[in-house]
Amino acid sequence: MWTWFYRLASPPHVYRTAAALAPWFLALAAAMIGYGLIDGLVFAPPDYQQGDAFRIIYVHAPSAWLSLFAYTTMAVAGAIALIWRIKVGFAVAAAAAPIGASFTLAALVTGSLWGRPMWGTYWAWDPRLTSELILLFLYFGVISLRKAFEDPARGDRAAALLGVVGVINVPIVHFSVTWWNSLHQGATLAKFGKPTMPGSMLWPLLAMLLGYMCFFGGVLCMRLRGEVLDRERQAVWVREALAP
Amino acid sequence: MNVGAWRAMRLILQRELCLSFRRPDQLLQPLVFFLIVTTLFPLALSPQLSLLRDMAPGVLWVAALLSSLLSLEALFKVDADDGTLEQLALSAQPLYVIVIAKTMAHWLVSGVALVVMSPLVATALAIPVHAFATMMASLALGTLTLSWLGSIGAGLTVGLRRGGVLLSLIVLPLAMPMLIFGASATDRAIGGESPAGALYFLAALCVFTSSLAPLAASAALRITLE
Amino acid sequence: MNGAPRSLSIEDIHVWRGDRHVLRGVSFGVESGQLMHIWGANGTGKTTLLRVVCGLLRPEQGRVAWSGQAIDGVRAEYQAALAYVSHEPALKADLTALENLRYSVGLKRRVPEAELRATLEHCGVGACAELPARVLSAGQRRRVAMARVLAMRALLWLLDEPFTNLDAAGSALLLRMLEEHTGQGGLALVVAHRELDLQRPILRMELCA
Amino acid sequence: MIHRTGFWAMGGYARFVWPSIGFAVAVLVWNLWSARRHHARALLRARRTAAMARSEKS
């Protein structure tokens, strides 16, 4: 069972599988994001309180969700790599970090663009946006720590450890920020995502969420190939694959 | 003949304290920094007492955070530079014993000193005397938590030439919950409300980091010592 | 020295540093009473090899075994049995020579102060016991590091360029120490550029780039 | 035509909705572009290493 697992996680196998999977993920993503955007922007009815501004949720919520999902992926891959010494885990963690950071940024920008008409200001220290901002800082920490080491293998392991520490911290940050916010402003701010959303609004949102996940899978595969190649530059299989 | 973990911890603690008291200037620098930063705020904002009282907990906590961070960079780096960290790592003691002893020593010389000095700064920032007890308790818990978090960051950046900025980049986001609870405990005490809730959360954070950080920091050291 | 004969075996060690294949399948064994002299040009991985043997550096491939057991499994026992001197003497500049010994040797075994003083005396730096390491000369610091190795009463000595900065008398003393250590059944790995003229036969290994 | 303007106007929130969508799409495109570039560069580095190894051998 373990040998099978190690073979599955062997770099050449991962390199080839990622190449095979990426187009499928991206095609699915294109279909779902395309449907979600058209249905969400054109056909879904405007919100009775927020009007058409609520449509920003179709890009904000998937970005925010993905920012957390990518961080978790990064931490879990790093933990697996540290504990069971599966080197591909480091490559996955390294590949997930910049993708996650970009979607964190997207969630922040779209969130504050939504905030301007709703709160009258781009930035209102809303607990979710504040957590998202701290998440961005955590991403920066992990990415710069990896780059700071001259020896990439050590950078990988240090960054993986920081990722694990950060993922434990994320719920604490979220809880403390929510607590802090309730202390200072009360729940007066309008919020995204009411519990009862009619289907006509919900379907495109679900499609967007799934589409973003697929997109993440596809881009992760693409980046993963680069990371694996960099780590295996000296390996025989790379030389054979590149032999003229 | 073997040396137990407690004895080893006591020995390292003794070594650290001895080293810090041989260098009193380095002991005082973070404290002076704390004083200077807290002086900056009234100068930059306004010396109006009512305004100061509103800002005081935040100012106090941010200054404490920064000055603690300042001395954290050296936690493992000095020993790594002169080769004694390798000797400690090869001393047949588990790495976390070393981490715990060194972090406690750091807290004793930086955190406790900050707590002791805080009433002075608090008076200058117009914090009423009845809030001193809460403020000092929260600072004690907060600086201890920060020392633990910092030990992880210091362990991760120990081999790097310019680790200082990176250390702050790593540790500050992790320290934000602590800042929130600490500042609001102080804030509530000033306003005459019960700070119990915030203090409990702060204590919980402190216990949580105290139990996990030594493991994380020793894992970090094992990676960076290579 | 304590009892049973021990052996250290280094089995097919590979270490990569970035793109550089520093150690390419190094293997050898050392047993009680043997000394291995490791030499080779700069940059051939001598220090790296010693760090692998210490357990500070984990090799990409291969293993280090102490009496047949991988050192990862018997870490505490293995570390208690070894004394390592890197190319720095590893002394705290602000502590005295004696305090340096107290806080490093003291972590390995309970050791009375008088014994530490006697060891310093034996290594020719008894007069420096109360001086901070900062004011000692490079050669004196080396001697303090030698005293640390002696006082640890370790079975396995790992010495990285121990002759650096030592004068003729110091080198002779170190050679005598190595002779006695191996004579009593100790093991030693010595990285050195000079010849080790001991009476006992020694093992030699050259590392090549 | 009225419907078209209505759609693009987003009920008066066009200033916020379209930049949001635009930024989100830009992030998606950036991810695709940078992932491609990342792999291409890694390929280049690997080729260079392989060429160096070959020249060392011969």
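All chains are identified by letter, namely A, B, C and D, in their written order; residue positions are counted from 1 within each chain.
Note that in this section contacts are C-beta pairs under 8 Å (C-beta built on N, C-alpha and C of every residue); 3 or more make two chains touch, one makes a residue touch a chain.
This is a predicted model, so every value here is computed, not measured.
Participant: Which chain's centre, taken as the mean of its Cα atoms, is farthest from the centre of subunit B?
Facilitator: When every chain centre is compared against subunit B, the largest gap points to D.
Participant: Need the central chain here, defined by C-alpha centroid distance to the all-chain C-alpha centroid.
Facilitator: B
Participant: When the centre of a chain is set as the mean of its C-alpha atoms, what distance in Å lies between subunit C and subunit D?
Facilitator: 54
Participant: What whole-Å value do you get for the distance between subunit A and subunit B if each is reduced to the mean of its CA atoms?
Facilitator: So the centre of subunit A lies 32 Å away from the centre of subunit B.
Participant: Averaging over Cα atoms per chain, report the distance between subunit B and subunit C in Å.
Facilitator: Whole-Å distance between the two chain centres: 36.
Participant: Averaging only over C-alpha atoms, locate the centres of subunit A and subunit D and give their separation in whole Å.
Facilitator: Centre-to-centre distance between subunit A and subunit D: 15 Å.
Participant: Counting only residues that touch at least two other chains, what does the list for subunit B look like?
Facilitator: Residues 226.
Participant: Note the residues in subunit C that touch 2 or more other chains, in rising order.
Facilitator: In subunit C, residues 19 touch at least two other chains, as defined above.
Participant: Two-or-more-chain contact residues of subunit A, please, as numbers and ranges.
Facilitator: 233-234, in rising order.
Participant: Taking the top-of-page definition of touch, could you list the pairs of chains it picks out?
Facilitator: A-B, A-C, A-D, B-C
Participant: Using the touch definition from the top, list the residues of subunit A that touch subunit D in their complex.
Facilitator: Residues 26, 33, 37, 41-42, 46, 51-53, 55-56, 59-60, 63, 98-99, 102-103, 105-106, 109-110, 113-114, 116-117, 215, 219, 222-223, 225-227, 229-230, 232-234, 238-239, 242-243 of subunit A touch subunit D in their complex.
Participant: Using the touch definition from the top, list the residues of subunit C that touch subunit A in their complex.
Facilitator: 16-19, 21
Participant: Which part of subunit D faces subunit A closely enough to touch in the complex?
Facilitator: Going by the criterion above, the answer is residues 7, 10-13, 16-17, 19-21, 23-24, 27-28, 30-32, 34-36, 38-43, 45-47, 49-50, 53.
Participant: Could you please specify the touching residues of subunit C with respect to subunit B in the complex?
Facilitator: 51, 54-58, 76-77, 79-80, 82, 84, 86, 88-95, 99, 102-104, 106-110, 132
Participant: In the complex, go through subunit B and note every residue touching subunit C.
Facilitator: 1-3, 7-8, 11-12, 14-15, 18-19, 22-23, 82-84, 86-94, 225-226
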